[in-house]
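This report concerns only the one structure given below.
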């Protein structure tokens, strides 16, 4: 009997701890988002939770926020260009190294992935010095190039993962039926790895749109991007507009995510 | 299949063209815009809500503001010297201004073309750029939680305020002015801040938080992280306007003050717009608007009379000029050493 | 199979050229410049010398900043693992619909800007914030706790912000574990906890290592979270580098600090990788 009780306690305590911690973590993950959204409806001039009253005034204030809107457009432009370039470069790179076991493929793989592990701030600073050494003025173009470097790993990772699931026999049979490599790529490879590329493109877009460490150095007031602008207005005076624009961004990204989930089965490719 | 490829290519082509068209006018506009530096807090709000709209009405041009402390502006301009400067208009306090002039970062202000420069009170006229306002340092406190209003700097050491006193880092003029005042009331001076550091170390048990910068400092008040601290008259007024419980008093030893000026950056992309922007700032209309609560920006144009909260500190401009002014020429060379020392010694 | 893959690669190796060129021109070259600049002896960049490295490594204040940063990353990683592992374990085990929902909860933070997520925490952690109000109301604290501008606050926020990086690789490895192994262990009377410790955790080690490495690299270098929650009084390497680079315009010192910081993060990451590998080898031995 005591043995039985011990086992019961064992199973019971295990479930309690695992279930409890899971609940805590889920709450922990969702809590800040909920707080931001609730705070954005505050009626008062300063950030407090719970708000003293509710209103839409901080959403109305967004309409007049010219500078914020310009920053958002800059962010969008850079993110679109960086994503497009990352997809092109990353997919080609993945095709070259994804199925090879040669030493150089391993070396290149580590190189291309290293922006994920290196402090982004150090790279941003290095890029700033490099750009000024070359005598190039900071512009959205230089910023985009910086973003490409930190966005490529995401495309590369998801594309290589989906290439691994691609049966090489398919490619061989396509080739043996006389199809050109380009035809094989378009008709066989691309449809199979398209969703992997799509998921990678999605994360690359988010990574660029949200990038701080590189933009901190490669953008200035003339090429200001949204995360930097938000950081400034929060850091300098806890601007309540930061809450309303955050809520807008959360809703927009949710929509984008739902679309991505439908088109590419995003969540299956994020791991 | 050929047809489909064709259509797709055409589609891509027209999309690219549309993108180019959509992008073109915005780029042109972005390049025409004026980039002006501003300070955190009161000034960024005054510039965003009053000056920028007035400027847009007058010239049709958008202003992009970049929020930077005076010393950061000087180092950014210095780094960009010879190339395109990161902003066209600078806003500086007295200390950093001396450095900037020495580094030859500005064009002289075109006084002859200015409509309002002659209306500035004499202490606010400067060949490198008009003084657009002045700032005052005293003690601020939360009247809900600090029942007896503080009277001197010594009140910060009151044991009742354990863990509730705030300090700000020395990267701002506010931090430096406070340090020098602390030195002065403890027998030191602009050249001898040893007494101030000694006093600060003994204050540490009372210190609840040190604002990394002026923004973080404002956050500390808003989130009621601190209840009493050296602070700036305008910041106090602005926070009050936001419903924060905060009052400003001048300590017995007097209020430290300094003038704040604006400048056309040498090599500015839009020097003429920069001049117009600054001249608008010293116009009586804009200064009167900024002088209203809750911003309470102190006017420097003689056509604007003092009103509101400032009259409790000094009813006239004449009285304002009798506040405590420091010798920034003596402070400047020692500044970085003090910052370094503060960062090392004054840690929580 | 290997041969065929090799054959395919031989035909396609040139596809990596554009990316390699971009990385050579815009990644390796800037890092090279960083290394060269770090070797200048003074901010004006006239003579070469190792002076900046002596400043970074020979000064107790700067060394403490470095060790604080490396420790901060470790603390955030541990908290992430403790909170993230159960969530990953549950996610890997539940029905597909619920799993999709949990994965959505995990991914959600990635989709919200880091600035925004951090911003929310300012409201939560303040002296009069949600957490302190709750703690006071429940009688858990006598007076408001100092959470904002404290290291505890930074660790908690970093753990939340970086949680997806931990959970996603964990879910992947946990899903791959054959459930029969755990069942067999239970059937042999090992008990849940023992099974978890002896079977599940060792088998999920690759996921743990991957998650920890990603979280560590991200947490140690998270400039925004560190500065907004920690304030500049809690000085970590990213802020130090930023201050030296932009405020003080001391590029050589900032570069040397960046090189030292990069090297230390990579060292910690590879040590962890190595540790994971030897542990795994021992488990299977």
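Going by the order they are written in, the chains are A, B and C; count residues from 1 in each one.
Note that a residue touches a chain if its C-beta (ideal position, glycine included) is under 8 Å from a C-beta of that chain, and two chains touch if they have at least 3 such contacts.
This is a predicted model, so every value here is computed, not measured.
Across all inter-chain contacts, the pair with the most C-beta pairs is A-C.
Chain centres here are means of the Cα atoms, and by that rule the chain farthest away from subunit C is B.
Centroids of subunit B and subunit C (each the mean of its C-alpha atoms) stand 36 Å apart.
Our note on geometry: subunit A versus subunit C, Cα centroid distance of 15 Å, whole angstroms. The set of subunit B residues that touch two or more partner chains comprises 213, 216, 219, 223. In subunit A, 47-48, 234-235, 238 are the positions where the chain touches two or more neighbouring chains simultaneously. Counting partner chains per residue, subunit C shows two or more touched chains at residues 122, 128-129, 227, 246. For subunit A in complex with subunit C, the residues that touch the partner chain are 6-7, 10-11, 13-15, 17-19, 21-22, 24-26, 28-33, 35-36, 39, 47-49, 88-90, 92-93, 95-97, 99-102, 104-105, 108, 111-112, 115-123, 125-130, 133, 145-146, 148-149, 152, 168, 171-172, 181, 203, 206, 209-210, 212-213, 216-217, 226-227, 230-231, 234-235, 238, 242-243, 246, 249-250, 253-254, 256-257, 266-267, 270-271.
Listing the residues of subunit A that touch subunit B in their complex gives 44-48, 52, 66-67, 70, 73, 77, 137, 220-222, 224, 232-238.
Residue ranges of subunit C in contact with subunit B, taken from their complex: 61, 122, 126-129, 146, 148-149, 227, 231-233, 235, 246-249. For subunit B in complex with subunit C, the residues that touch the partner chain are 71-72, 75-76, 78-79, 163, 169, 171, 208-213, 216, 219-220, 223-225, 336, 343-344, 347-348. Across the interface of their complex, subunit A is touched by residues 23, 26, 30, 35, 40-41, 44-45, 48, 62, 64-67, 83-84, 86-87, 213-216, 218-219, 222-223, 239, 241-244 of subunit B.
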